[in-house]
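Below is one structure; the comments refer to it alone.
Labels run A, B, C, D and E following the written order; every chain starts at residue 1.
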Amino acid sequence: MESLLVLVPLAAAMGSFLAPGRGIASWGFLTSLAIPALAAGTAMDVYQHGARRISLGGWAEPLGIHLHMDGLSVIFLIMTALVGALISIYSAFFFKRDTARHFWPLWLLMWAALNSLFMVSDIFNAYVVLELVTICAAALAVLSGKTESLQAGLRYLMVAMAGSLAFLLGVGFLYAETGMLDMFMLSWELQGGPVAAAAFGLMTTGLVMKSALLPFHFWLPPAHGEAPAPVSALLSALVIKGSFFLLLRLWVGVFEPAGITSHAAYVLGCLGVLAVLWGSYQALIQPRLKLIIAYSSVAQVGYLFLMFPLLCTVPEAPWAEKAWAGGTYQAISHGLAKAALFLAAGNLILSTGTDRIHYMKNIASRLPMTTFTLGLAGISLMGLPPSGGFVAKWMFMQAILESGQWWWAVAPVLGGLLTAGYVFRILGYAFLLAEKEPRMLPVPFVLEKIPLILALCSILIGFRAEEIIFLLQEHMLWAIEVEGDS
Amino acid sequence: MALFLDILVAFSLVAIAWRIMRAPGHFQAVVLFITFGLLLSLAWARLNSPDIALAEAAVGAGLAGVLLLDTLRAVAQPGKVKTGAHFSWLLLPCLLLAGLLTLSIIHIQPDSQGLARAVEAGMQTTSLEYPVTAVLLDFRGYDTWLELGVLLAAVLGLLCVRRKKSIRAPLLPAPAEPVGRWLISILLPLILLVGGFLLWLGAFAPGGAFQAGVVWAAGGVLLWQAGHPSLGALPVSLWRTGAVLGFALFWLLAATALIRNEPMLTHPQAKAWILAVEYAAALSIAVCLTSLAIGGQKSEDRNQKSEVRDQRSGDRCQITNNR
Amino acid sequence: MNLNFWLPLLVLCSSLFAGLIIFMLDESRSRLRTALNLFAAAFKVVAVHYMAYRLLVHGEMHQVGFSMGLGFEFLIKVDFLSLMFLALSSNLWLVTTLYAVGYLEGSPNRSRFFGFFSLCVTASTGIAMAGNLITFFIFYEFLTLTTYPLVVHRETRQALEAGRNYLWYTIGGGSVLFVGIVWLHVLAGPFNFTDTGVLEALDPAHYSTLVIIFALLIAGLGVKAALVPLHGWLPVAMVAPAPVSALLHAVAVVKAGAFGIVRVVFDVYDREFAAGLGLLEPLAIVAAVTIIFGSVRALMQTDLKKRLAYSTVSQVSYITLGAAILAPFSTVAAIVHLVHQGIMKITLFFCAGNIAETLGLHSVRDMGGVGRRMPVTAICFTVAAFGMIGVPPVAGFVSKWYLGLGGMDAGLEWVVGIMVLSSMLNAAYFLPVVKTIWFKHAQKKWRTKHSGRFEAPLTLLLPALATASMSLLAGLWAGWTWSPLGIAEQIAAGMGALP
Amino acid sequence: MIFDILSILLCLAGAFFFLGGTVGLLRFPDNYSRLHALTKADNLGLGFIVLGLVLASPTMPEIIKLGLIWLLALVGSSSACYFIGNYIYHTPSQEEE
Amino acid sequence: MHGFYIYAITAILLFCLGLWGLAFHRNLLRKIVALNVMAGGVFLFFISIANPDQSGEVDPVPQAMVLTGIVVAISLTAFALCLARRIHEKTGQNELDTSCSIEDGDG
């Protein structure tokens, strides 16, 4: 089942490369039918039987590469499956044929790589998979062929390459210290010490560069803002999460047990808070819808990093579970909401030909569905109840207050306000009467519905948090160690 | 004496790297980088890693050099050599970083054998005889598979940037003088032969799919440079098949294991299986690297027109058709 | 069928589904929309009253709850206090819908308007029935969101400005409230409104934290309740159409804030405990300041709707003031004023809307002769205005009377002073309006849009008439057991909080 | 023993030619003579070194490989020299650095 | 033993020099070259730990990793160069614009 999560999109990628004819989108359709089912199956499996791992090629630790599924992985897998499938359907209607020919193989390859990344267990394998994601993402980012997107894509590629190399050097340090590559073996082999600390610093920096945390966020807005809408959605909703997922895995699984995370965690937390404030502020002043959404990603990524000071500073902290659940929830609800926003922006561009918000007047009555989508996704971003974002904020806030590190509360409170500011700035223009009726094209039915579904999902996951949180807390990374030992 | 040699190599590496960074002209930097690659392969030979030395000499010095020089030629701005550099103060933090990392390196106890023991144990089971190849194709086959994916993705990215259906670079004009033709006629068979030899060697000695693929790719680049028509005559479908073949066989290897209800990529330890995958991988590497080396070219005139049209229509979706 | 389970859900869903269906309706199907809307509203009124009957007479407990997996329960539970607010919002929804149908006749985007209108009522229903602070908060934020499109409904730059203002205030308040709620949750764990003494049982070391949390909660709720200095959004939001203003001031938004304060003081902190922490006096002072400030500002307005808005700022704080005084009488006053202020203020807005809509008059100075041209409207306005001033036998008198009594009981004589001063100010800004309406002649020709049998369309007239008579009846029959006052007295006597 | 000494001497001779070639590259006034110095001296130097290594190598396959290497290097450097010379000849305006 | 330290420290120096070059140069080609120097440093580090005492015993796993890494690096380099070239064709520049454009989206 888990292997199929990688095999199916890869097969479809090859298929769409070898047969780029008229029906190229059917490869994407087939995959988007299969993957959610497979992901759900995997999730059920983990939900019922707990975390599990498979050894690829039948080679046991420490020699072989493993795939590891636990609560965290399956939640990211399901999010990817859902978002990926919906965006695939959207793209099938969005791209013309000569662009589709380039889009599908790259996206399907990237999908496989993302699925593989969320099951990763081997740190060098993680590097290869990350690079696969990077190169696909960069190629997709330049899909429109415009000069700005080319520049943004190259900038992203170079930052990501530098990040990967730092990560790889860190892998080397870990290997030099312990002589192994499997994260779960490392988690009980690795002791503190200067070598481990160097590896920790390098890997963290590398992944932080790829996740666009504050000082390294500069590549994100142009790359995400200039790409075609479905690609922006993929990049923002999924690709950033990939490197963040790996970072989380490494910190919680490998470095926290080795006891070298505490000071760095505060640094990451501070950067996170700054990212929330700076990103939201930038989003407030951008003239274009897609740039607003892209800067909002910068801010939302900042939220994610609040997890680290709450998780990794005090060992066995009672609030860790809440921070853990809050961060993960933030990641998935942001994924869903951001995909919805970018796709809605895509619809807007289709209809009006621009995404400057000054030209967005009166879309509330002309494109009510799209406006509604923007609003719903905005609610989740703001963290208003009942939505996925609210659950995240609730959990975070509890963890923050319980831990006594009350200063982190600045981010959810002020960030929420600023988010409301830019969301309603968009909606404000949407409600504004236009002086003269703008020329608008109708948007195809499917293209209007898909972002709405995504936005609804981001709201609905706030209603049934129980199972997800159970999955996260019962099958946490550190709960599996004993089983992995056998 | 050996220590002296090591120090010499290490010092020249650092010195050349410094020169690469500080060189006033781009051409100089590229040539220095090629030298850097050669020196690096020397270091690897010193470190008893002939595989890497081979690969680096072929890729770092050869293929990367071709790519860089070719790009340099394409983007040259006559009469305008800008060394528009900034942030030279950043050298300080970088050196600081180097110092910190060096401090931690001193704490590495380089006596741990890493996974060498585990590989030795694994060699009992696998059908391959040379450890590096066994690691690449069997123990960590997943990495190699995805690495072929990265290669493929790079080719796809190139196609995407160039808006082309296939990598078909404009042929250079065939050289008028006889020396070029003579060189091709001598070198090409030799290259094919050497590649095959390396591939065959990989099962039990340094060599293997990657090295063979790179050598063949060099042959492809040479063909293109010499304006030989055979590259252009290659049908698109054949080219596509060649590019994914290794990847596809790996996929089959992974998928068939599922049918037998075993973990992905498990395979009966029959040498034929592995060798088939390895040969296909070598072919795909050759095709992909050749494509990467020559595919960055501007399209032919005919294509260029359609490219312009492509850009103008941009990404507007089917809505225009639907209306 | 277990009515105790289904009835609250029915009450909630009647407006929710109506809203959702209305969104999907095409703009042109106005008849269907109106029918649906009125049916849902009427259904809700019936359901609420049936529920009230079951609760008050038979003592049935209505409760729905499920776990959200976040360490708290989503709980809907109906007690006497909920019932007061429920009855108010459902009845007023019916009349306001009727009014809005007439008011917005032929204007664009009505599907959106009525859809959000219904959702807004759903939110206030949820607020009324929320069984714990978190459920309350969920509906409270829902209310914020659903009122925004109503405020900006006219889609003018001014409306957008007002909407932005409204959002900054309310979302800011929401964040503060959120922090307070989470903190309380962290400190005391999950608890419902009906659990008593939870906070008192805490370690006294936490008492100082409880003070901070109280301040956060009140600050968060005070934004919607328009406590000075958090009232800034309310007068600006007057640009919205009259039904929306009616809704904001009488039914939903301001009321939700006031209701929240009552909940926090009564059911979360418990009045004795809050008084023990020294929390009530500052609250009373803030409320008193707001009462005077609002009245003074109202005095300075010439625009009728603006004047009414500042009057709301002042009147709603009676509720807060009543809650903040530790005496049974003032409790009664706080609860009963929740209802009384609602019906009186909505009458005033209806009338103001009528005058503006039919004659195009906004400024108080231009309103001479309205009494002769629109006698019914003028009578309704006069009744409600007298109620606001506190003239017996209109409902407003009852509230003020009890509030004064409570103040005397608690030994806070200054409250009586405040009452007197406020009533004088009320008179000072309402009486001139009444005088102008009845005794002044028209200064210029009116722009008349309407030419029917009555002075205004029936849909605009009837709601005003209905609410005016309600406010009169509530005062006249205040002694009846099930009148607002009667129920409020029962709550104060400790009967409202069912186990 | 005698082979070893001979081998070392031959390698030293090769190194000398390499050195000479490099000096020529650096010191000669124009491109053609630089090319000349480089290729001639390098080919000769490589020849000497290969010869020296042949003397030191134990098996026949290695000797053959060494021979092949020399031949290939000869082919490579002579054609490279031709191409460079051709280029310089056809672009006379190109000034030296 | 000492060989290990020599090469490992060289590797670190190469990495850091490359990093500096990446930040230092504006020219895209030079940036890409700098990235490759960085990569060379990383690979050198891997091999130096594969063969710490320069005896015959070499750990094959880092060697395999470096082979994989070289392929990945050349793929990314080729793609980056292609992008750089395309940018040059469109803008005539070999540098990236530092300012974020406010052009319309994908219209």
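Going forward, contacts are C-beta pairs under 8 Å (C-beta built on N, C-alpha and C of every residue); 3 or more make two chains touch, one makes a residue touch a chain.
Quantities reported herein were computed from a predicted structural model and do not represent experimental measurements.
Number of steps on the shortest path from chain C to chain D, with steps defined by chain touch: 3.
Taken together, chain B and chain C share the touching chains A.
Chains B-E form the pair with the most C-beta pairs in contact.
When each chain is reduced to the mean of its CA atoms, the one lying nearest the mean of all protein CA atoms is A. Note: the chain lying farthest from chain B is C, by mean C-alpha position.
Farthest chain from chain A, judged by C-alpha centroids: D. Chain centres here are Cα means. That of chain B falls 13 Å from that of chain E.
If each chain is reduced to the centroid of its CA atoms, chain A and chain C end up 43 Å from each other. Between chain B and chain D, the centres computed from C-alpha atoms are 28 Å apart. Per-chain CA centroids place chain C at a distance of 66 Å from chain E.
Residue positions 101, 105, 108, 110, 113-115, 119, 140, 143, 147, 150, 153-154, 157, 161, 314-316 of chain B each touch two or more of the other chains.
Residues of chain A in contact with at least two other chains: 124, 128, 131, 135, 138-139, 142, 144, 146, 150, 175-176, 181, 228.
Among the residues of chain D, none is in touch with two or more other chains.
Remark: the chains found to touch one another pair up as A-B, A-C, A-E, B-D, B-E. Touching chain A in their complex are the following residues of chain C: 67-71, 108-109, 112, 137-138, 141-142, 144-145, 148-149, 152, 155-157, 160, 163-164, 167-168, 171-172, 174-176, 178-179, 182-183, 185-186.
Only residues 72, 75, 79, 82-83, 86 of chain D touch chain B when the two sit together in their complex. On the chain A side of its complex with chain E, the touching residues are 124, 127-128, 131, 134-135, 138-139, 142, 144, 146-148, 150-151, 153-155, 157-158, 161-162, 165, 168-169, 172, 175-176, 181, 221-222, 225-229, 286-291, 345-346, 349, 353-356. Looking at the complex, you find that chain B touches chain E at residues 2-3, 6-7, 10, 13-14, 17-18, 20-21, 26, 29-30, 33, 36-37, 40, 43-44, 46-49, 51-52, 55-56, 59-60, 63-64, 67-68, 71-72, 74-75, 77, 82-88, 90-91, 94-95, 97-98, 101-102, 105-106, 108, 110-111, 113-116, 119, 131-132, 134-136, 140, 143-144, 147, 150-151, 153-154, 157-158, 161-162, 210, 285, 288-289, 292-293, 295-296, 298, 314-316.
Within the complex formed with chain D, the residues of chain B that make contact are 177, 179-180, 182-183, 186-187, 190.
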